[in-house]
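Below, each structure is written out as structure tokens.
Shared chain: chain A. Partners: chain B in the first complex, chain C in the second.
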Partner chain A sequence: MSEQSMIHDIGYQRYQGQRLGPRSIFGALYVHGLRAAFGLGRSAKAKIFPWIAVGLIGVIALVIAIARSQGSDDVGYADLPSIASVVVLVFLAIVAPELVSRDLRNNLLPLYFARPVSRAAYAGAKLLSVVSAIWLMMAGPQTLIFAASAFGQGDVFGELRGLLGGWLVAAVYAFVFGGLGVLIASLASRRAFAAGAIAAVFLVTLPVAGVLMSLGNKTLESLAPLASPTMLPEGVREALFPADNMPIGNYGPVYLAAGVLVPALCALQLILRYKKVSL
Partner chain B sequence: MNSTIAWITARGLFGRRRFLLLFPLPLIFIGITALAASIDTADEFATPVLVGIGVAVVLPLVALIVGTGVLGSEIDDGTIVHILTKPVPRWKIVLSKMVVASAVTAFVAGGSAFVAGWMTDGPKLGLALAAAMVIGAIAYCSLFLALSVVSRRPVLIGLLYIAIWEGLLSNVVSGTRVLSVQQYVVTLAQKLAGTDLLMSTVKLPAAIIMTVVVTLGGLYLAITRLRSFSVAGETS
Partner chain C sequence: MALISTRSLTKTYPGGVTALQDLTLEVEPGVIGLVGANGAGKSTMIKTLLGLLEPTSGEISVLGLNPVSDGNAVRARVGYMPEHDCLPPDMIAAEFVTHMGRMTGLPRTVARERASEALRHVGLYEERYRQIGGYSTGMKQRVKLAQALVHDPDLLLLDEPTNGLDPAGRDAMLSLIHRIGTEFGISVVVCSHLLGEVERICDSLVAIEGGRLLRAARIESMTQGIDVLAIEVSEGTAELSEALTRQGLVVQADGRALLVRLSDEDTYDLILRTVAELDLPLHRLDQRRHRVAELFAQDREAAHV
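Take a look at the complex of A and B:
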């Protein structure tokens, strides 16, 4: 339409600035998700729980650091994720629905996908922000242990190797927990039910795997931890750094494969799920 | 007790797809019991299966999903206003919701516990475990129903209670067991069945008194908070 045909000029203006592409949208979604996970940029109420969880894991890290400074080698960097896994699970059950289910509930997906962001990018950004948040929950306190113990005794490189191994184990936990958590949350539009479903999957499989392990069958004992997303990362850790924490027998490669496949399949399923905007 | 409110609540629970969420839990519970019973002896697997899966996971999780759902989802949707503006006493609203929630939880958890207990050690243990689960269902539902009126994040607090208080602390600090519904259920089941397969950790009178206190306390809290309930939007 030309200028002349306008009846009233009420001052609407076209956006003249530079338009950022899909990559920036991905980045914005990721950063917003990561900040929202820790309650940054949200109300004080939303900050209470994430920081209680951070504090709890921080206390665990402090206890480990003190034990190590007393000369105990029983607990190391890679032990922190399994000790903290219950706290991380509750954190996941709150954060994943927060990031995914609310968009479903408030019918925001059509608005998102009206922008030049692909569905895979949306799913990937949400998944990555949950995974990063969980990883930070464990890697941060591990770094605290490192800071407390590396500069006390002197074996900085040995400690550094331990820290990097701990980070790797934390990453396995983060990908398995985050992948499953976001996938489950993306199937429920109500936060409460999504959180309940995530907790149900993780909490019920843990004793099931425990019972299967104790039945006395050697093969079953070695393979049962695969049935529980809480035990699977611990099996992967055993395959990576053998320390007799978990009786995985000769099935190390199976655990390594599962540790890669489970998150990959969850991510794939998540991308397929977002082909549909509704539930 | 108001039959219309109870009917609407039951339809809200059963009418949606999410109700299917409740079925895998008892099925896994029964399946694992059957598998363990076919391989192991009862005194080996009774505690890890019946208590570890049934009492510690199936019962509280079903109660959490149902108990926070009956009133919590109405508060979330804002449809609670329609009920609050009707000339129905608040205690009747809470009681109707409570009856539906307890009945559903008791049916799902108690039914599966009956089957699992029977497979473990005959009908006596099955009946005792089912009865204890029904009592536990009432106590948990009252607790979670109260949470859903008191807080806007009932599932968060309920999960913290189940996973950290009952799951982690009760295993380490024995003092917290007196304040954990899970232990009351175990104690009641053990005394009712008169069996050594289950280990009770609190005394029977303490378990009975505390169950009554938790149930009535939860109901009282829910009713008084619903009396002065203020309608607000979703929290950020």
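Take a look at the complex of A and C:
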């Protein structure tokens, strides 16, 4: 700096430049949420839990990759979400409250809605952020498995087909888990309550569906997984790629419909919830 | 063009509570004080201006736009500072204000620059990379103001900006608001239940009570031409009061003095003549400036009659 450097108070400057429209604002809110899900741009404390979950699923992916390199074809890309579903659930219980309950707790909504951010846009951006984050935490490790397998064997196209199928299954998981998780989190302003409620809904329904399945009634056995959001995506997967993982009988279309309807209803309910929120 | 104009604006909440009733007003750009007791309808008014609440009936226009049908256009040009806490404690101030700038449509780099600038203007430049949770109440109020200012709005709506501040913090906040209104060229609506606080920095005042408009005028016009004369006589105050009332003057007792509204120059003569006729020892006769607060007090009494 030169000796003559001095501070100039240039006073207030009006802004005449570009102002982006609602679509760009939606994009900014979505990216902000996606980054926050992984603790990016946040304190070190906010990074701990998401990255522990990512690390765990990475380890699972590593084990699968090693098993496949040993010639085992029993576990494929589409198996990762169900094998790691508990980890995904933990991740959801961390991320959804982080993105949704925190804004409620800190009274941030008046600031958003006093800007060109509509209630539906806010709800939609948050939902998409969580769904994308969950999908990424499954699709990333699946890609790792692909990288390991494709280099190891050589049937690149076969592996690629498997990877794309795996991504689709991961997307089903992401939409069902994310949709329900964000909706639950949007009802609780305390992060701990929200996380507990998400865990409760996903974990309590699991044994209920299990008991219904074991009652011996064939139809009931095929339809019971619909009652559990944890099992539903696996049923959708069975309908998409039949492999006898789950006894869904002839009810494949029902599972496909549920796989679309559950996230859609969650999104709708979420928008209604934010329409009602008073400022 | 009027900054804000409303016609028979009425807002009734679903519970049946009427927060605004038949409010008609026209406000010119500048620093505007919106005063009224708690529950008078100030916050409802602000939210209606932002288009966050839909009026039950009547018309409203902000910056020439209709906040009901054109909400996003209004909200892109307005900055809002809520009354209550609205800051995430675990975020860094500069990042928070940047994010809020982006939420109003600023491109990424512009948002970052303007966030720094906004924080500098509110006096938090040095501390801008600290977490908001570690800030004092006064600093948090400044961050709230900065996030309302980041996108260079044409109108700022500040809901009780001096809430929770100590006297020095209040003065600093008020002079900052005054600077925004004058030097920055941004119109400001300041809500407050403390008239004495806002009358110092405002060009015009809007007073509401029970959702009704009490008075809306520029400050000069409020203090002009409605000065009063204070008359003090050593004895016979009651007699004088009676005599003046008979002459058609409005007389008010104020301790040992009598206050008479000064309508024109003749009032002087009339009073002097009356005192002389009654042969009372005149002690004092001087002109008093009304403080704005007293004017509102009179209006309020009138409204209750």
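Assume the second predicted complex is superposed on the first by the 263 of 279 C-alpha atoms of A that agree within 3 Å, B and C clash if a C-alpha of one lies under 4 Å from a C-alpha of the other, contacts with A are read in each partner's own complex, and residues count from 1 in each chain.
The rule is short, and it goes like this: a residue touches a chain if its C-beta (ideal position, glycine included) is under 8 Å from a C-beta of that chain, and two chains touch if they have at least 3 such contacts.
Predicted, not measured: the structure shown is a model, and the values here were computed from it.
*Asks:* Touching A:Ala192 in the superposition: chain B (first), chain C (second), both, neither?
*Replies:* first
*Asks:* Would you sort A:Pro116 into first (chain B), second (chain C), both or neither based on which partner it touches?
*Replies:* In the superposition, A:Pro116 touches chain C alone.
*Asks:* Taking the superposition as given, does A:Arg14 touch the first partner, chain B, the second, chain C, both, or neither?
*Replies:* second
*Asks:* Please indicate which partner A:Pro253 is in contact with in the superposed arrangement: first for chain B, second for chain C, both, or neither.
*Replies:* Neither partner.
*Asks:* Who does A:Leu108 touch here: chain B (first), chain C (second), both, or neither?
*Replies:* second
*Asks:* Between chain B (first) and chain C (second), which does A:Ile94 come into contact with in this model arrangement: first, second, both, or neither?
*Replies:* A:Ile94 contacts chain B only, not chain C.
*Asks:* Of the partners chain B and chain C, which touch A:Ala46 in the superposed model: first, second, both, neither?
*Replies:* A:Ala46 sits against chain B and chain C alike.
*Asks:* Just chain B (first), just chain C (second), both, or neither: which does A:Val86 touch?
*Replies:* first
*Asks:* Shared contact residues on chain A for chain B and chain C?
*Replies:* 42-43, 45-46
*Asks:* Inside the complex, what are the residues of chain C that reach chain A?
*Replies:* 47, 50, 52, 71-73, 75-76, 78, 80, 82, 84-91, 95, 99-100, 102-108, 110, 114, 117, 121, 131, 147, 151-152, 180, 183-185
*Asks:* Any idea which chain A residues touch chain C in the complex?
*Replies:* My answer: residues 11-15, 17-22, 24-25, 28-29, 32, 41-43, 45-46, 102-103, 106-108, 110-118, 279.
*Asks:* If we count contacts the way the header does, which residues on chain A are in touch with chain B in the complex?
*Replies:* Spelled out, the residues of chain A in touch with chain B are 42-43, 45-46, 49, 86-87, 89-90, 93-94, 188, 190-193, 195-197, 199-200, 203-204, 207-208, 210-212, 214-217.
*Asks:* Help me check something: in the complex, which residues belonging to chain B touch chain A?
*Replies:* So the residues of chain B in touch with chain A come to 18, 21, 24-25, 28, 32, 35-36, 39-40, 44-45, 48-49, 52-53, 56-58, 61, 64-65, 68-69, 72-73, 76, 153-156, 159-160, 162-164, 167-168, 235-236.
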